[in-house]
Amino acid sequence: MTLPLLWIVPALPLAAVALNLLLGDRLGRRGTAWLACGAVGAAFLFALRAVVTLASLPESARVLVENAYTWMRVGEFRADVSFMLDPLSAVMVLVVTGVGFLIHVYSTGYMAHDASFRRFFLYLNLFMFAMLTLVLADNFLLMFVGWEGVGLCSYLLIGFWYERPAAGEAGKKAFVVNRIGDFGFLLGMFMLFAWCGSLNYERVFAAAPHVFPLGGAVITTATLLLFLGATGKSAQIPLYVWLPDAMEGPTPVSALIHAATMVTAGVYMLARCHVLFQLAPTTLEVVAVIGAATALFAATIGIAQNDIKRVLAYSTVSQLGYMFMACGVGAFTAGIFHLMTHAFFKALLFLGAGSVIHALSDEQDLRRMGGLSSRLPWTHATMLVATIAIAGIPPFAGFFSKDEILSAAFANGHPGVWLVGVVGAVITAFYMFRLYILCFRGPSRLSHEAEHHLHESPRSMIAPLVVLAALSIVGGWVGPPMQEGGHAFERWLRPVFASGAEAPHALPAGTEWALIAVSIVAAVAGIVVAFRLYLQKPESGTALQERFAPLQRMWLHKYWVDEFYDAIVVRPLAALAGWCWRFWDSVIVDGAVNGVGYTLEGVSALLRLFQTGFVGTYALFFALGVAALLLHFLRH
Amino acid sequence: MTPFLFLGFAALLVASALMVVIHRNPVTSALFLVLAFCSLAGIYLLLGAEFVGMVQIIVYAGAIMVLFLFVIMYLNLSHDVESGVQIAMRRALGWVIGALVVAEGLLLAGRRWFPGPDAHPIAPLHPGNTQAVGEALYTRYLFPFEITSILLLVAMVGVIVIGRGRGAAAPPAAPPPDLTRGGGS
Amino acid sequence: MIPLSWSLTLSAVLFGIGIIGVLVRRNALVIFMSIELMLNAANLVFVAFSRALDSVDGQVFVFFVMTVAAAEVAVGLAIIVNLFRLRETVFVDEINLLKG
Amino acid sequence: MDALFQNPVLSTAFWAFVKIMIILNGMLGIVSYLIYAERKIAGHMQARTGPNRVGPLGLLQPIADVLKLFFKEEFIPTDANKVIFHIAPMLAVIPALVTFVIIPFGPGDALVGTDLNVGLLLFFAMSSLGVYAITLGGWASNNKYALLGGLRSSAQMISYELAMGLSTIGVLLLAGSLSLVDIVHAQARVMHLGPLAIPAWNVLFQPLAFVIFMITAFAETNRAPFDLPEAEGELIAGFHIEYSSMKFGLFFLGEFMNVISISCIAVTLFLGGWNGPGPQMLGIVWFLLKLAALLFFFIWVRWTYPRLRYDQLMNLGWKVLLPLSLANIVLTALAITLTGGNA
């Protein structure tokens, strides 16, 4: 068997980072762009080759493991830098490199006039390296390396325009909130190591059923801790607060990191550890509830936001909620399916929003847009595709995956979750079409200056939009419902999830059709309401807003969660720190340090007399010392 | 005959070493030091260390001392001025302490390591001294040997950096020493 | 033929002369030469013991000492030359910039 | 007389004395006639006849030259460092003479001063001491041209000594010994290439080393085209400008003795030493023939090539010869390793 050379996939972006650092500005903008895009494109091709190799294997043997080198070996413990490709990571690696490549290309146009062009691609490539490491790792430790790496890059890229205070603050917030999640992940990892004696996936998963009793306290705690890590990285309740603020970063970053790839790491991790999670039904319950709650909660906030990127950010949080919902009800395949389709249409939405922002000279407020459909035809068309896709209208991608999640929830005995999901779908369709209408339809509310500079984006930005639009349409066709023996996507992932004995949702055909109908009706309802309120009768919308003013205010202020956290977490901590500073540090630590200093100063004032500065004197002392030493020896 | 040669070389060595310390002209000191090194090389030969003896001449006499002479000539140093009460006192102190150290060293050596004539039977001068040194250098002492080469490299870089001064930022240095008045006695 | 003690005595004397040179002279170059004398005294001990113990290790060490000495002289002389450029003197008792 | 030969110490001393006498006087004779040969050859190269007044074909010319040198006035510049001024010319001759101790002129103990097992190292030690004569002579003269010549020569000799030493390592690797006698023995083989019998001289295995060695030999002996220390055109004779009479003669003697000794080394290392066809008795004849050829080569080059500029000289030494000789060592070692040590 020819080796698939997995290590090359993450190594390529890393090499690009190194080259970028070494060659510096000598590359020029063009060179930097080619280097960055070329590395990621090549990584995509290598990944594709590896996946083709993988697909040629018999179904039961579809795992490729490649040990690059042994990182450390301490007693029994051994950590390898080794990579694993199985159907699950194959999906992830293709999504990451493919969407990543498109976004890289897009960025060359979007960032073309930025002063820190080179730094941007440096971070972006570094992110690709970390993300690919995360996805391809074959043990928890290496995954954690990637996990932290993407966190770092996310921080760097959110604060990319560090001269804007808001960007710096947002970066800091993302970093700190993620730390809490990482803490959980780390603890979960420790527990796994303590009980299973290894961090290698294969060994842990093989050992888990024997070590942990079904539903035991240990495995529940461990998986809950892992899930805490996932909520941090994937922006779920209670740690979702950083993601909306992360929109301070450049829009391609929002598309790549905060929509398509990094934030899905939590879902990926859950799917990867499905063996463990299925041993802990309680945790799965928690996952499902939190997923559903986040889906609904974030969707409602999305209704009231006026910043185009924030709407998308809350939409991302909400859609991630759907994915966790799927995992929580045991439908990991559906979760990963939604992850993939979401990557396509959400990246497209962000990139389209970026195109709009680019066209309007950095205007992000929906209230100052409108009527752009004729001025930005390409952007409009692709955005429309994405909006329909996320709203869940067949045959667009979002429909298939969302429907699968909902029917799985229903079939696996979570009608409450199903209901929340359907309501969420209505709201999703509503706020997405609100965004679409406010942006592209109706009268133009542009400022005069923005109107003047209005222009369609360059080809390098349009091309990725078109490709992603195509993917948003056809991306779901790999998983049509009602297939005998599961659809193609499910069959592909079966080697991974088969061991977990996923409960087949054996619904009668009639029920299935009914569920499909319900979800289509929900989507259409949301769309219709949106059109009525914002396009046909704007005045009725205003009236409605006034009638439900408290609700509107609550959504606009995002349920005051940030303020709540500020009051119960941030302020007490700041107070404690302030006390520590004023008393402990200023008085005790400084006192001790200064005291040592004063003492030494006094002593050295005496000793300084010996330092004459003449080498001869030193030599004399030295020789005297030698003489004394010899005398000492002579006496014995 | 070897002991006589040894004594001769030793006498030459001590005498020239003393001249190094005593003579006021640095060039003369340097030349006596060359002589001392050559006599030491002779002693090495007598002790059966041919390789070290030859390297002693090549490295010390052929390279290091030439460098010394270069610097002395470059700085155009003539006789050292050694006068004044303070200097005289320091000199006296130096002699006393130096003599003390020598005396102590001799006493110490006499007590510990003077067991009479060499206890070991004299091994015949095995012909492969160079070979033996080389084998030791390239097998057991390979790592130190490589480290030494790095040390030399570092020294080389250091000397070039020091020798260049601080480039354009260097303060206006003293006018270059007048080479033409070399050898003023 | 040659007792070990002779070599050791000679080495001690040589080392003492080196110490005296360092203590007595004010010319940095001559002090440097005296240090070389001391290094050579040490080398002599190495060679003498290498002979007495019939082992080549002592000579290997001499080799290393010579290398270090060469490096040291090169750097030291460069420093002295720079010093002369700055202060126009090589007398160590006229240089006390490091006085405490 | 018998007592003399029975006492080992005395007999050793006696034979040493005999050898010293032969070498010393022989060298003096060879040098004086080498000078004659140089003038004669130079003359013919420049379409003149050269010295031809003193004796038949001018053969007595060297004697006349030496007599003239003896009777010239001694001159010591004011403010010269007198002791060193006197010592310097001696230093020029002594190392050159010492080198002859190790040269095997022919087979057998009688024809070699002493077969040191570090012979080659001794040669390098002596050639590194040769720097002092020129440096000190230049410095002690209290003359700027002399000083410049002295400094130039020390830099030059130190630089080229490296390449010279490294170029001989290939030979050492082949012979596996530092003893010159062993090196000559290692070249005693005769290879048969069909009907041709080729002597296995090192020059055939180490052509690059031989070229480097010869170039550095010119530099080490301060001969044209590397005669910058003297450089009549620029430094009006360089380090020995202030020297006259027999002191000047000693410098001259030293230079030519160096040429001879280095040629002897070249013959020994690269040209098979005393090896040649015919009985062992003829060894010394072969040696002297090869030596004569090399000496002619020295003179030939001197009157053929112009002098190098100083920077060219340094560039050649450090940037061409040194890397080449290092490469030669690597290649030789590689070849020996690959062929299992019986090249």
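Each chain carries a letter (A, B, C and D) given by its place in the written order, and its residues are counted from 1.
Please note the rule applied: a contact is a pair of C-beta atoms (placed from the backbone, for glycine too) under 8 Å apart; a residue touches a chain by one contact, two chains touch by 3 or more.
Owing to the predicted nature of the structure, the values given are computational and were not obtained by experimental measurement.
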**Asked** Any chains in contact with both chain A and chain C?
**Response** B
**Request:** Sort out for me whether B-D or B-C is joined by the greater number of C-beta contact pairs.
**Result:** B-C
**Request:** Just grab the chain with the largest centre-to-centre distance to chain A, centres being mean Cα coordinates.
**Result:** D
**Intercentroid distance (Cα basis), chain C paired with chain B, Å** = 6
**For chain C paired with chain D, centre-to-centre distance based on mean C-alpha positions, whole Å** = 33
**Request:** Between chain B and chain D, tell me the centre distance in angstrom, where each centre is the average of that chain's C-alpha atoms.
**Result:** 28
**Fill in**
The distance between the C-alpha centres of chain A and chain B, rounded to whole Å, is 69
**Request:** Going through chain B residue by residue, note those that touch at least 2 other chains and give them in order.
**Result:** 51, 55, 63, 90, 93-94, 97-98, 101, 105, 129
**Message:** Quick check on chain C: which residues sit in contact with 2+ other chains?
**Reply:** 19, 23, 26, 93
**Prompt:** Which two-chain combinations touch?
**Reply:** A-B, A-C, B-C, B-D
**Residue ranges of chain B in contact with chain C within the complex** = 2-3, 6, 10, 13-14, 17-18, 20-21, 26, 29-30, 33, 36-37, 40, 43-44, 46-49, 51-52, 55-56, 59-60, 63-64, 67-68, 71-72, 74-75, 77, 80, 82, 87, 90-91, 93-95, 97-99, 101-102, 105-106, 109, 113-120, 122-123, 129, 132-133, 135-137, 141, 144, 148, 151-152, 154-156, 158-159, 162-163, 165, 171, 173-174, 177
**Asked** What does chain B use to touch chain A in their complex?
**Response** 90, 93-94, 97-98, 100-101, 104-105, 107-108, 111
**Request:** Provide the residue numbers of chain C that touch chain A in the complex, in ascending order.
**Result:** 19, 22-23, 26, 28, 31, 92-93, 95-100
**Complete:** The residues of chain A that touch chain B in their complex are 616, 620, 623-624, 626-627, 630-631, 633-634
**Fill in**
Touching chain B in the complex, chain C uses residues 1-10, 12-21, 23-27, 29-30, 32-34, 36-37, 40, 43-44, 47-48, 50-54, 56-57, 59-60, 62-64, 66-75, 77-82, 84-86, 88, 90-91, 93
